[in-house]
Amino acid sequence: MQLEKIAVVGASGYSGEELIRLLQNHAGVELACVTSRQHAGKALGAIFPKFKGRKYDALAFAPSEVATVAASGARIVFLALPHGLAAEFAGPLLDAGLRVIDLSADFRLKDTVVYKEFYGQDHPAPALLPKSVYGLPEIYRKEIAVAKLVASPGCYPTSIILPLAPLLKAGLIDPKSIVVSSMSGVSGAGRKVEADYLFVECNESVRPYGVPKHRHLSEIEQELGAAAGSAVTISFTPHLIPVNRGILTTIYATPAAGATPQAVADAITQAYRGEPFVRLGGGESYPDIKNVAYTNFIDIAWRHDPRTGRLILMSAIDNLIKGASGQAVQGMNLMCGLPETAGL
Amino acid sequence: MQLEKIAVVGASGYSGEELIRLLQNHAGVELACVTSRQHAGKALGAIFPKFKGRKYDALAFAPSEVATVAASGARIVFLALPHGLAAEFAGPLLDAGLRVIDLSADFRLKDTVVYKEFYGQDHPAPALLPKSVYGLPEIYRKEIAVAKLVASPGCYPTSIILPLAPLLKAGLIDPKSIVVSSMSGVSGAGRKVEADYLFVECNESVRPYGVPKHRHLSEIEQELGAAAGSAVTISFTPHLIPVNRGILTTIYATPAAGATPQAVADAITQAYRGEPFVRLGGGESYPDIKNVAYTNFIDIAWRHDPRTGRLILMSAIDNLIKGASGQAVQGMNLMCGLPETAGL
Amino acid sequence: MQLEKIAVVGASGYSGEELIRLLQNHAGVELACVTSRQHAGKALGAIFPKFKGRKYDALAFAPSEVATVAASGARIVFLALPHGLAAEFAGPLLDAGLRVIDLSADFRLKDTVVYKEFYGQDHPAPALLPKSVYGLPEIYRKEIAVAKLVASPGCYPTSIILPLAPLLKAGLIDPKSIVVSSMSGVSGAGRKVEADYLFVECNESVRPYGVPKHRHLSEIEQELGAAAGSAVTISFTPHLIPVNRGILTTIYATPAAGATPQAVADAITQAYRGEPFVRLGGGESYPDIKNVAYTNFIDIAWRHDPRTGRLILMSAIDNLIKGASGQAVQGMNLMCGLPETAGL
Amino acid sequence: MQLEKIAVVGASGYSGEELIRLLQNHAGVELACVTSRQHAGKALGAIFPKFKGRKYDALAFAPSEVATVAASGARIVFLALPHGLAAEFAGPLLDAGLRVIDLSADFRLKDTVVYKEFYGQDHPAPALLPKSVYGLPEIYRKEIAVAKLVASPGCYPTSIILPLAPLLKAGLIDPKSIVVSSMSGVSGAGRKVEADYLFVECNESVRPYGVPKHRHLSEIEQELGAAAGSAVTISFTPHLIPVNRGILTTIYATPAAGATPQAVADAITQAYRGEPFVRLGGGESYPDIKNVAYTNFIDIAWRHDPRTGRLILMSAIDNLIKGASGQAVQGMNLMCGLPETAGL
């Protein structure tokens, strides 16, 4: 069987590294090209000791150029680049006939005004936005399968949209009541060499940041709004916690009038019946980062609080896998007609 | 000068250990008696290697008996015992003429019905409740100074009540709108030898627990209600995070009609003007556990979110100090007429 | 193809859990039976949330009985039991015609006198010792392939024997000069619910233990002696460090007269040429636990110190994989005639 | 009483920060001046949130200039600068009549040839070397008290010299047999903003580095040689471990002919009798970083291994306190005629 050829552009950050880790264990595709400005010409195993002795040990980083990627024979290309830069690569790659899975924020927002509001610059490639599909397979499975351009969701958004979307779609919660508190491992910041992310500054530390208007709010509210059928505005506070990987999200919402706890449970359960990567917790379990680390699962649990009337939803993902590279591979599987769980 | 003599009953848990650490550096009092059923007869330095070579290295644990404590000459006694057991000691110690600072939950609640609801048993010493003072110096400073029985607040409550009380008192927030998410280091669970608290189960793990009705809600709502002048019911979700010490709390609340961000800032600022252990963050700072670890400070910051209209308050404390033993020593200082910051 | 059926006895510790994690990803075998006294009757996914939604989610723990295991159709059985107990199971299982891979220390030592010296009791099944093969594939590959009883090596021993054996075999180092310092993650202690292994006692802590005579010395010296062709006695100090997984070992040895640095490098390089799980570091690299975590690799590097004349060897493994369950699966692959790297 | 005035030059690294933390709790001196090129003009509490609300909150960083320091009235100045730079400040400050405690490596070595060998440059101020005293109070107490220039020891050296010096002095161990393995928390690398020290690169990681010739070997061997009365060359391997603070050192040495375990124990015990910051472990204890963290103690224990004949010594310190700033304050106390333990 001819394996689908794949490229990864910008493979030196944590998402790119995790993509390669997943692809080296994926029997259904061939990693034909990895690029990095910084490491061009060096072998993967020489830059990442963890890849020594593995399948792609000797694969050399190519320079991050469209022509090189196109020449590699890759049919699908992952962009693991900073936002802004990703948009510069996407157009030419699409023009060259490749399908693109972008892990940055560049193609997640449909509204260029919102993009400018949250990212502080004009959108670099607005003409491509109508083509892009938000890469959350549990919601856009069919669209992803045939997409030319997939915008892989952010880590926080994945942990927030999946628990809430079925409830908003069913009109079971008041969209104005949503309050979200999330805790992320430090790899969520990427491999940024800044004092804030030094070991001594993060270990034995917990801190909120990005209050009250973290960039991810834009895509969260877009997708929650799509589920609700009307605009949704929420409160969201991210926190940095001393773990390498993982996001734990706790969501508070007031049920809509007449929405019973049973109706809530039913809506979530039906929405995710048969989903290979969504695990729903029974009455007594709690999501825990350690149970999803190194997997593509999202664990979701919930409780109704009769004292306040509020619903509390909790979720856990590995931010580098279901929150980034694993979800992107899940999308790639759909695009290739492979089993959705292949390599995951 | 004759130093005030102090006893610590139940000195083998984390709170008791931290009390001793603080008292050994406190020049204004003398630790006359420490008790432990488990370690009776052994020297402090033999049980806790960290106390070797320090002031109380050779002090031997006495058995945990009222007569022994009374005979030690101590005038003030800290109870660092499980709830239920603390109440058994408090009465006889008070009868013997000692003043008691209890670190358990036994004397924090004024309402025995609430006690039973949250602790699952009848209150063991209801007659003592009217005498007890909730040991939060920023709110009950005068009462603590003359109290016979001080109920030292819980760790989560300290981190939640201090940011909210001035706002509720001034009628600046809607009491029904309060949602709280807290993250606690593992020492908050005490020195419990249970699988859940093993290193491998906590490291690289984050998990919520006690949802939706953690026991601390009872004292939080009692004190918030006292500030508001009417009953307050809130949502509260604690999370266990892999740090030894510290609590980070994030609070969401909707301002009352007409309450401006400036009015909020003024109310908090005025409430804590001159407070030695309350530090208020300016517009750009965030509380961080690492800045309060090993201190008796609470750091508080806040933001107004014009998108949702909500106020977001954030606080950080060391759960073993401002959340337990440091706060108890602060109270002791008041009771002894010492400078409130002595030894802290 | 008929898949080989496998059983795991005592599947509730960290090694057993890791075995199951590896076997669920192994396409070449079928996990037919898992046993646990504690969890008998409950499904794997109900006890270990991380196994929910995976291949063996619904597999119920059987009681830990020989008859049950034999009746499962399993042809190979892993024993993940405490030493002493493992020996009780091995004999009857062998008698029932199963092949046994024991992860305990029970069958690692050939000499019952040494067993008694280090384990403080008479060997429970001395008659089985002649049949057992020390399960280090890099050294005993052929013997493992046909063995009925494999004694899977300890974690520290794996990290120490592999770097040293080729040098001792070639007579390149003075056997009397060997000094070893190892650092182990906390999972090395197993899922023991003891105060020493609580998060707060291990985090921000580093401590030596078992000095000067850790039990693993017995098998280390047996195997080093076998390589050297004469008795070897070494110094070995293990340390507990705050990571979940991994062992980092640093070894000091004096080269034998005339043994050049090049001869050392050649001996190690030749010994491990073609080995799928041994990665040798070049001149500038250092082994790091993070590069081998969640893999079956051992990374080995070395330096010659012209100032002291000593050779310094460094190795890193994942204690739960190459140091326990991964190595056992590697052995199982050999026993089944599967590719040695299958599932790893 | 007139308090001695103190200055800290280069107060923005971890050692400088820790110095300020210690000095703010020190009742016997006054911090008159802190300097930082980077933060000049800003208040201490504005740069370090942890110092808000403390004694020196409002003290502004001065520029790092000799004239400014001299004009502050400070009589003793700590240099917390990179090596090389420290030497540039020391001369002019000494000329201005100040006494200098240098925390860098610049004045630790008596031999400029050794300095060049290990630090790769000519010594920047060789004329000052004869004046400098190695600031280890347990060995050079009298010299420190009257010194103009104190070279505060490195962190690893402190943990290695103190256990070994009494044994070398008494001729109880073979100087050629010494092998040392040390594990250091990440603050030992200083506040260097490099990828190697990012949280994700250090957490769940353990790695050796600087093998076989770490710079600290130069001062270790100088001081061990001074104790032995002849040149000493040792093997030393440092490791980076995921804790914020602390060094754990394990030392192997062969006793000299006729040196009994009792003689070893007696030599160490007598050497450190009455020492306020040296704690000797009995037969069953092990040093642990957590017992010395946030203190100026060094914990030392040892075992004799009859199997190999080797002696194993183990020590633990807080690298930022006994390994740096605490030791410097201990020296300052001696220089000021204050109690040696003041503020520690």
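For clarity, chains are labelled A, B, C and D in written order, and residue numbers in each chain start from 1.
Keep this in mind: a residue touches a chain if its C-beta (ideal position, glycine included) is under 8 Å from a C-beta of that chain, and two chains touch if they have at least 3 such contacts.
Because the structure is predicted, anything quoted here is derived from the model rather than measured.
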*From the centre of chain A, which chain's CA centre is farthest?*
D
*If you tally the C-beta contacts for A-D and for A-C, which one comes out higher?*
A-D
*Using mean CA coordinates as chain centres, what's the chain A-chain C distance in Å?*
37
*asked:* From the mean C-alpha coordinate of chain A to that of chain D, what's the distance rounded to whole Å?
replied: 46
_Residues of chain B touching at least two other chains_ = 201, 203-204, 242-244, 288, 290
_Residues of chain B touching chain C in the complex_ = 14, 185-187, 191, 193-195, 197-204, 242-244
*Report the residues of chain A in contact with chain B in the complex, numbered from low to high.*
179, 181, 183, 201, 203-209, 211-213, 233-235, 237, 239, 241-246, 248, 250, 252, 286-290, 293, 303-305, 307-308, 310, 312, 314, 316
_Residues of chain A that touch chain C when the two form their complex_ = 49-50, 52-53, 204, 276-277, 279, 285, 288, 290-292, 294-295, 297, 299
